[in-house]
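Common to both upcoming complexes is chain A, partnered first by chain B, then by chain C.
Our next item is the complex of A and B:
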């Protein structure tokens, strides 16, 4: 290309790059250093304390409670979301039976897809406030009000430490399913129809078709979904902060690392300690992403 | 995303039809009924909480704490007015519109400029800058939270909309650049080359030729950014602390009202505030649902 290539390149890259380095790259790099200090925000120069923060992390019960919750989230949330979404996507796209050897979705599938996807456009914080009324522990709560009609005693959805985390997971699944229904639907419609026709000719039923054709040919999309949901399992901040009792309670039964990072930094001014938690969270996320991509790697099926 | 539907279906041989007829449950049999029940139950689970909130905004405190499955006794908009004025939902809404309008515009402008240069020009450092942008996708925001707070404070932008806008743009760049770089690479080079030969400058080629050509990609990613920034909660509560309540954004405002509703005992006001937030989303979503669905899933489908 001719005249003035470099001034143009610099002109176009300077603003985005400066903004990005100042607000994204530099904070990330600083975080690793702050994690090695006892900085409380008062002194201008924080004391370097080496790995002290990390040693304290290992003895912090709240930290381990949060890590345990991430493990529960990491297993339960993607599993439930993907199972429900796969089921619905299959019904919507191929569940209407085969007419003329051609698989169809059930009637009204557009309506269902629109409704299912809706929670995805709501802010997590708004969803959290919405579910406070749904989960209220007495009979004025929406779920407990319905249960009362059947003579069932009210359940402390958020106040009972044994089920509070599961109530939160329920909301996450509620919000996420629609997104994955749409995602899997796109993947399913990419599968050539003649594969199903051939299977129908060979006498395969719906269930057989699902496990022998749809699932293997959808593997790449499933993998993407699993990584997305897994990364979401290391967040949970907005929902737990807004919805749970006492922000992460009762008695730390629902707390997550992002919430503890925020609390330690902006409630307790323990900036060094909060950053150490951030570093721990970073390594957990990265380990998860790398492991998932390794373990789930399969030979790609070309079609 | 669009996939070529197989042409093989047109050539379906008669054998397939026979096989389909043999294949049991071809019509709306037991399976079809069960499928519809499952789908309808989930649809109710989605619609019911939203509808309940909407109805609760017309109830009185006593009605809200009574039987949850009754309708309000009257439909007056008192609580909506209270939420809009007294609880400042109107103010928060306006703040959010202002911030997101500027931050999404900024994200799209800066993101497409960077992506275009990285996709179409060869220069030393190109690859490194691209990787620098994309690496931002791998880091959780929570890691940067503490230093980010101090960076914004030291620049003097803590508690200002300008600070929030700049931070929104910066944190939206990794995905925007990642997505648009791939998109610009996929566009044909011949049109831009022809324009350059005709004496069009680099800048004019970008704004008048390449941007219009990239419209489908730009639309998807704009929707993605608008929703992502509109729904942001963590960054506002960190960057707009309690002493600048008049600058708050919608999500943090609603969360705060829900904390206070217990003290002030204005539950209808809370549900009215929620409804004011959710109803426009429902309307916008119904109108643009196709674009929104493809915009939000565009990240997962390459």
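Our next item is the complex of A and C:
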């Protein structure tokens, strides 16, 4: 059997590996090369320009605006999403207190669990169109229509440069929360019930239980959630594209790197420059992922 | 239909093709490469392969009356009846012995690219639709016929006039590639401020002729509960910068726009641009902030509902809004108001820009026939027939006189007549320098919604133009008219 093992394994691995190399690795490598050229998408032989594109990046206001927005997104989006998702997950799983020695969720928690997941099922484009109506800047918008009943002037959710980005973060959080409620619920149900029972016997309240038991024992799941959300914070393309004024406006107030990459490549035919942005984005994402995993590393609790 | 290219929103495939085509055209190295590959060799357009018959006063282009003619028409929004029922019968009448082969397709490139490769090309092509051919690349390969003989030939209606003199000013130039007219742009779009003539009549309003009148009008409309003027900031900021640029051209003449296209030093900080920006910035506050977050269809629908008085757009608007327009709504166009008393162009001056491309292949078997076919299209009878069949205006001046038109088209015809030779040209930087155009959209919104002053607008745009000028990765283009 031994001599036949390797061909067997290789036979299984070859197809996915080749597909991965051809469709993922090689475009990556090509992007790194294109980033060093002035390719405009037409010629077969782009000129090699060294680090010119990267030098240009440093002086590009729009690029830096996008980077700043990613930093805001990176801090605000995961924090808000995780906080809200944890809160809901706790309510759904353990918030009902213990009954008959078992921890229960609040009444109707199975129903809410399904409802929370709805936004996750919707395509991002649909979410974008939905929120277009919700955020519409005059009385015909859902939010402004309600505000108008109370005599409040319409708010330019997406037209006021000071709040436009936050409006879009709001949509991202709204869409992400459902998934993380489910993720954290799964994590919570994996925590042995006797730990809670013991804590309850010792007189711990719900809040104490949350911070002293649930949160530490959920740490691995949280960490994964944080990395996922962080990587999502480097995207945001579809929502910004659909929702923002003039794609990334007003005055660059909502632009993100994927949008600028798209604009430079397909609008300006500056594939080289767009690739340079892509490379910059690649390193930002990698750095974030590595940093998060390092910083949040803790001793694993075995149970 | 061609006008999709003018409607805002996502880039249509056609625009994308156009842009790629344009880049191909300006990409020097690429053009060189293609030239080297072309079997015909050399950059100049090769002589037409078909042999010409002797020219005469009646047959100035030297058409061989017995040769068959093959015409390929893009059958899109304009249909192809204008070809089969108007232009082809006219050709047949002039050359009864010639056999006409009519090909209608929606996939110009797929149908024709292989034929270009094999040298078996038709004699006239309407190059349009999502799959149009890249004209820049065709010129680089020497595949297109220089249309100069057509424009220099006497007009069918009046042999004492050259064809070029019967067309709207700027038509020939609009079809230039590398300094030669290879493309006939046949259909025109007229730009201005659109309003409901019936609403204005009912209220006793008339379109303002100066910006002072415009501001007074804004107050009047506002007190009547109607938004005086609005555009869609979310995806159609360019509708507004058209108006600013048209005003600038009216103040300082078309050279203002030429300078902008040529990235001339100080083109944006020039006095006419500053005055135009300042004048329009005063109109912005009447609109209200919410319009920055609306898209063009939302704003256009509101106009149809009688909530907005003026909306800046082009002459495709009436057709675009057909299904939403209430029966008592009559579209009409007004020129942009005069900014100063010393404007170089009168109030009546209006922007009319040609589009919809027609080409004659250089390797055609009957290129003279192709040119003659275009000359027929450019006759008054041919142009009128086109307007009747397709609902669109052509570049032929005065062709629609006495024709039954829709309210909007009627108004366009009147406006063009009033404008006469005072035509504001179209800006080419919009397609030449997409980055500059993107910046202009951004700054136009900032100006109109009160975040920057006219001076800042000019400075920011000048900075963006200088950046484009100094970016050696962008190939520069020039126009002289």
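Following the convention adopted for this analysis, the second predicted complex is superposed on the first by the 279 of 303 C-alpha atoms of A that agree within 3 Å, B and C clash if a C-alpha of one lies under 4 Å from a C-alpha of the other, contacts with A are read in each partner's own complex, and residues count from 1 in each chain.
FYI, a contact is a pair of C-beta atoms (placed from the backbone, for glycine too) under 8 Å apart; a residue touches a chain by one contact, two chains touch by 3 or more.
Keep in mind the model is a prediction, meaning the values are calculated, not measured.
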Return first, second, both or neither, reflecting whether A:266 touches chain B, chain C, both chains, or no partner chain.
both
Kindly classify A:296 by the partners it touches after superposition: chain B alone (first), chain C alone (second), both, or neither?
neither
State whether A:158 touches chain B only (first), chain C only (second), both chains, or neither.
second
On the A-aligned overlay, A:212 touches which partner chain: chain B = first, chain C = second, or both, or neither?
neither
Chosen between chain B and chain C, the partner touching more chain A residues is B
So, does A:252 touch the first partner chain B, the second partner chain C, both, or neither?
second
Identify the partner contact of A:281: answer first if only chain B is touched, second if only chain C is, both if each is, neither if none is.
first
Tell me which partner A:115 touches in the superposition: chain B (first), chain C (second), both or neither.
first
Intersection of chain A interface sets (partners chain B, chain C):
266
Along chain C, where are the residues that touch chain A in the complex?
11, 16, 19-20, 23-24, 27, 29-30, 33, 233-235, 237, 288-294, 434-435, 438, 441-442, 445-446, 449, 451, 473
Can you name the residues of chain B that touch chain A in the complex?
1, 3, 5-6, 8-9, 12, 15-17, 19-20, 22-29, 31-32, 35-36, 38-39, 42-43, 45-50, 52-53, 56, 64-69, 110-111, 113-114, 116-118, 121, 123, 129, 132-133, 136, 138-140, 142-149, 151-152, 166-167, 169-171, 173-174, 177, 196, 201-203, 206, 227, 230-234, 238, 250-252, 254-255, 258, 270-271, 274, 277-278, 281-282, 285-286, 289, 292-293, 296-297, 300-301
Tell me, which parts of chain A touch chain C in their complex?
38, 40-45, 135-138, 154, 156-161, 245-246, 249-252, 263, 266-270, 272-273
Spell out the residues on chain A that touch chain B in their complex, using ranges where they run on.
1-2, 4-6, 8-9, 11-13, 15-17, 19-20, 22-28, 30-31, 34, 84, 87-88, 91-92, 95-102, 106-108, 111-126, 128-134, 139-142, 145-146, 149, 174, 177-179, 182-183, 186, 189-190, 192-194, 197, 200-201, 203, 205-206, 221, 224-225, 228, 234-235, 237-238, 241-242, 257-258, 261-262, 265-266, 271, 274-275, 278-279, 281-282, 285-286, 289
